[in-house]
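The structures considered in this document are given below.
The two complexes that follow have chain A in common; it is paired with chain B in the first and with chain C in the second.
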Partner chain A sequence: MARRVSPARICVSTAAAWLVGFAIFFPILWMVLASFKTELEAFSTPPSFLFFHWTLENYATVQQRSDYLQHAFNSVVVAGGSTLIAMLIAIPAAWSMAFAPSKRTKDTLLWMLSTKMMPPVGVLVPIYLLYRTFGLLDTLGGLVLVLCLGNLPIVVWMLFTYFKEIPKDILEAARMDGATVGRELIYVLTPMAVPGIASTLLLNVILAWNEAFWTLNLSSSEAAPLTVFIASYSSPEGLFWARLSAASTLAIAPILVLGWFSQRQLVRGLTFGAVK
Partner chain B sequence: MTAETRALGRLLLGPAVALLFVWMIVPLAMTIYFSTLHYNLLNPGMEQFVGLENYIYFLTDPAFLASLYNTLVLVGSVLVLTIVLGTLIALLLDQVVVGRSIVRLMVIAPFFVMPTVSALVWKNLLMHPVSGLFAWIATSLGLTPIDWFANAPLVAIILIVAWQWLPFATLILLTALQSLDEEQREAAEMDGAGPFSSFLYVTLPHLARPITVVILIETIFLLTVFAEIFVTTGGGPGLATTNIAFLIYAQALIQYDVGSASAGGMVAVVIANIVAFFLVRIVGRNLEA
Partner chain C sequence: MGRITLQGVRKAFGSHTVIHGADLDIADGSFVVFVGPSGCGKTTLLRLIAGLEDVTDGRILIDGSNVVGVAAAKRGLSMVFQSYALYPHMSVRGNIGFGLKMAGVARPEINRKVEAAAATLNLTPYLDRKPRELSGGQRQRVAIGRAIVREPKAFLFDEPLSNLDAALRVQMRLEITTLQKQLATTAIYVTHDQVEAMTMADRIVVLNAGRIEQFGSPLELYDRPDNLFVAGFIGSPRMNFIGKEMAKRYGAPTIGIRPEHLRAARDGEGWQGVVSVAEHLGSDTFLHVDVPEIGRLTARSVGELGLTTGDRVRLSPDPARIHRFDADGRAIRS
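So, the complex of A and B:
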């Protein structure tokens, strides 16, 4: 039974929650507003909140001056590519650990988790030198490789926690009904595994899209994804706030939408199943 | 289980294990090897074995102590801010709130913003001493605006990073709160527990584990905060915002001193391992349940 709550209390908690939510969201809102201002208005004091001359000029400028689409394309390739390859390697691994666990499964899982704990800066020097030697610096392939390996433990873990929840009895039931292994895989297991695979995919695309250690250190122009492109706005002489805001809005919009869809999986994926 | 299944299991697991093993061992072994060399990229071919000299150099460098201090202050402050505020916000969102799902969306949004964007938006649009929104608010209230990145650069970085991680703490604590048995709370209230003691004796013990998880996971990521510093202060002014991650980066890719950067890298690995040890134990305990 739900607790009875007085209307007055609902009003207070609603008002407080909206106030807090708005305050936390405000920097993003402010950035989006600034992206529609002229440079002069973006910089003016007192600031104008809604009553300014709305313009789309910044978005056009961002594309013309710096080839925004090229960097967006790089981000898509790097985030999508690294996630897909990681999935291809992780699905069989998570599958076998969830359905045919051995004595060593737990240790293997924890060992994989511990590789994620290694600070990237601890291996920055060798990775940088290896990449320089093999000509992988500032290439899409190089970024895909490093992000794929970096996120592989999380992908295996997330998939494992999802696969483990698929009841094993259902396999036996199917087998009793005379299903072959192939049919079992297609008609019974796959439909039950798809939601877990989809959430894993989503969360890892988000993580890879926002990754800003390896991308900043291993790429500069040709392969630079959006994280690096935005970083180029940090130089004092090139500082145009409205343009920075437009580029930033474009860079975060798609991932913000995906993120909102994946908020439940986020908890699970990032805590390695410790909090559900 | 048949031997065949077991063999298949190993076959399926093999590639992932092999790749992760190589990914972990090869660079780590190289880091250890480089850390014993006198090796600067500006003088190639002059490598020389020096034993532990790089470690002595790195650990006695005043920059190391400064950056260790900055790292601890950054990690500690962000942890306190995100957990205290996160608990309060989670408690608030656990109340009856009209339009809670929309509020939730607003609260978790910062987590999806890439670090370079949050850092630059905060630095310019909000914290700029003349045209930033904070400066305007301060002036309107008759106060002197703070020149964040000149006078309190580390505080500025802490605020930016805390804003990014607050959603994570809030979301996990809210998830945990929602799994708290309603009856348990009601029982406590029936026994005459006020809201405060009910929080202290029922809610807080229930949150102990998720809070531990938040602390450990945030620590892992906060120890290596990099992009926010890279795009706003470049570690300065002086060493004011240089953390260990940034110090190692600077030694490796600005001074090209491979040897001492590698020694620093090993120090970072050791620090992270201490935290990881506890996290892995907690997660491992959960795996059996």
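So, the complex of A and C:
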């Protein structure tokens, strides 16, 4: 029997949910608002919420000082490229782990996940030296490689849990129906796994887009994605909150739009297996 | 044609052997049921025949040719799974026609065959629905349709009715038997339900702990069980086993009497006991009787005897129906 919930309780929980939602969203809202203020107003106490002199001046300055489109292009290449390569490696890997596991499959999966528990800064120096030796510093290829490897464990795990949910019987039924491995993949498995592959892809794009540690440390100008673009507003000339906010808003805008339109897919992908 | 022969088939998972050398000859067009308790290896044996598991040792012949090492897809068998295993993203039409599509059959031919199969199984109104829009019984029919449309050498059924409710199970049981007789295609059917086995099979294979205990017709198994296991497994309520002194009188370490061969009466000849539980089914009465020096015996009587818990009762066995077993549990034939 369903639990009875009183209307008052519904009101209180709805209000609480909105409150928490607003609290989570507030920093983003504040950043967007600050991007339309003058530097002085961005600093002022008490802060002005909506009633200030709205200006686009910061966006103009930002575009003038640094090439937004170039950074955005780099971000697209790095996020898209690393995701694509990660998927190409992870799909067959997850496939074999889910449908033809060996004695060591579980250990391999855990080992892969354990690499995500290590702080990246622990391997910064060796990776930096390797990149320097092989001429990968500040190259798009170098960033694609490091982000691809960094996100691979998560991608494999997500796809693995997703594939695991596909009943083995269905694959065997296809085999009994005369399907070869290739046709089994095309006609049965892929159509059933598309939602999982799509949500993994999306999440990985978002993770790669937002990744700051490696992109900041391994690129400076040529290959610098939007993270470097934002960071460039917080150092040498002191802090310019309004400009920094404008740069940040520009940097997160594409991913915010992508996230907004794909939220259903994302939630489904992230909670798959947990909720049926 | 669909004659299936197993010669010394053995299956081991690592060091654990689950099938210990099975020999079997399944005649073309016959309905054979593999029955046994859970974990006895019946599903594994079916999967070995299907080609979904690799044989560790031995040969499997289909119409005389060895199929060990031949992919499942190439064996010309079709299978109905316990979970139905329908393709969720395809319509009923797509599901039934998938095997034909894989075989490269032309589309008009596929449509004709799918529609014929759907008509046989009363699925015509549902051809364009997805599996999720069907009831359990309809899904089961789609799975059967998928199997028959390919005109295989043999059907393999892996506990196909275990997910259905009791009434539907009885109905589907009948439908599957009728369909198999109509098509005259060899069928191997796995179940743990001995009633299903007895009612559907031409011949039954009783399996226990990876070994074939007996292979015979339902009545052979019932009347002449080879050993204690088969005697106890086939028949419901199960056979009464009596040991010690009482068995020695019949010249065997253990004797067995089926409940229906123990006549219960309020007085007269036979072993005296006290009714512990009386189960009234209307048509039959099952009496669980405590007999001193023998133990608990079950007797089955037709109709009502008017006996209830605590009543004294006499049980007399039909001497012609007493089964005798040696110390190793094998039947003693006289």
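What we mean here is this: the second predicted complex is superposed on the first by the 240 of 276 C-alpha atoms of A that agree within 3 Å, B and C clash if a C-alpha of one lies under 4 Å from a C-alpha of the other, contacts with A are read in each partner's own complex, and residues count from 1 in each chain.
Keep this in mind: contacts are C-beta pairs under 8 Å (C-beta built on N, C-alpha and C of every residue); 3 or more make two chains touch, one makes a residue touch a chain.
A quick note: this is a predicted structure, and the numbers were derived from the prediction, not measured.
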Inquiry  = For the overlaid complexes, name the partner, chain B or chain C, with more touching residues on chain A.
reply    = B
Query = Is A:Arg9 contacted by the first partner chain B, the second partner chain C, both or neither?
reply = first
Query = When the two structures are overlaid on chain A, which partner does A:Ser199 contact: first (chain B), second (chain C), both, or neither?
reply = neither
Task = Kindly classify A:Asn151 by the partners it touches after superposition: chain B alone (first), chain C alone (second), both, or neither?
result = neither
Inquiry  = I'd like to know which partner A:Val188 touches here: chain B for first, chain C for second, both or neither.
reply    = second
Ask   = Who does A:Gly21 touch here: chain B (first), chain C (second), both, or neither?
value = first
Inquiry  = After overlaying the two complexes on chain A, where does the chain B footprint on chain A coincide with the chain C footprint?
reply    = none
Message = Under the stated contact criterion, what part of chain A meets chain C in this complex?
response = 167, 169-170, 172-180, 183, 187-188, 191-192
Query = Which residues, counting only chain A, touch chain B once they are in their complex?
reply = 3, 5, 9-10, 13-14, 16-18, 20-22, 24-25, 27-28, 30-31, 34, 42-47, 89-90, 92-93, 95-97, 100, 102, 106, 108-110, 112-130, 149, 152-153, 156, 206, 209-210, 212-213, 216-217, 226-228, 230-231, 233-234, 239, 241, 244-245, 248, 251-252, 255-256, 258-260, 263, 266-267, 270-276
Key: List of chain C residues in touch with chain A within their complex   = 50-52, 71-74, 77-79, 81-83, 85-89, 98-99, 102-103, 146, 150
Task = Name, in rising order, each residue of chain B that touches chain A in their complex.
result = 1, 5-6, 8-13, 15-17, 19-20, 23-24, 26-28, 30-31, 34, 89, 92-93, 95-100, 102-118, 120-122, 124-126, 130-131, 133, 135-136, 139-140, 163, 166-168, 171-172, 175-176, 179, 182, 186, 209-210, 213, 217, 220, 223-224, 226-227, 230-232, 244-245, 248-249, 252-253, 258, 261-262, 265-266, 268-269, 271-273, 275-276, 279-280, 282-284, 286-288
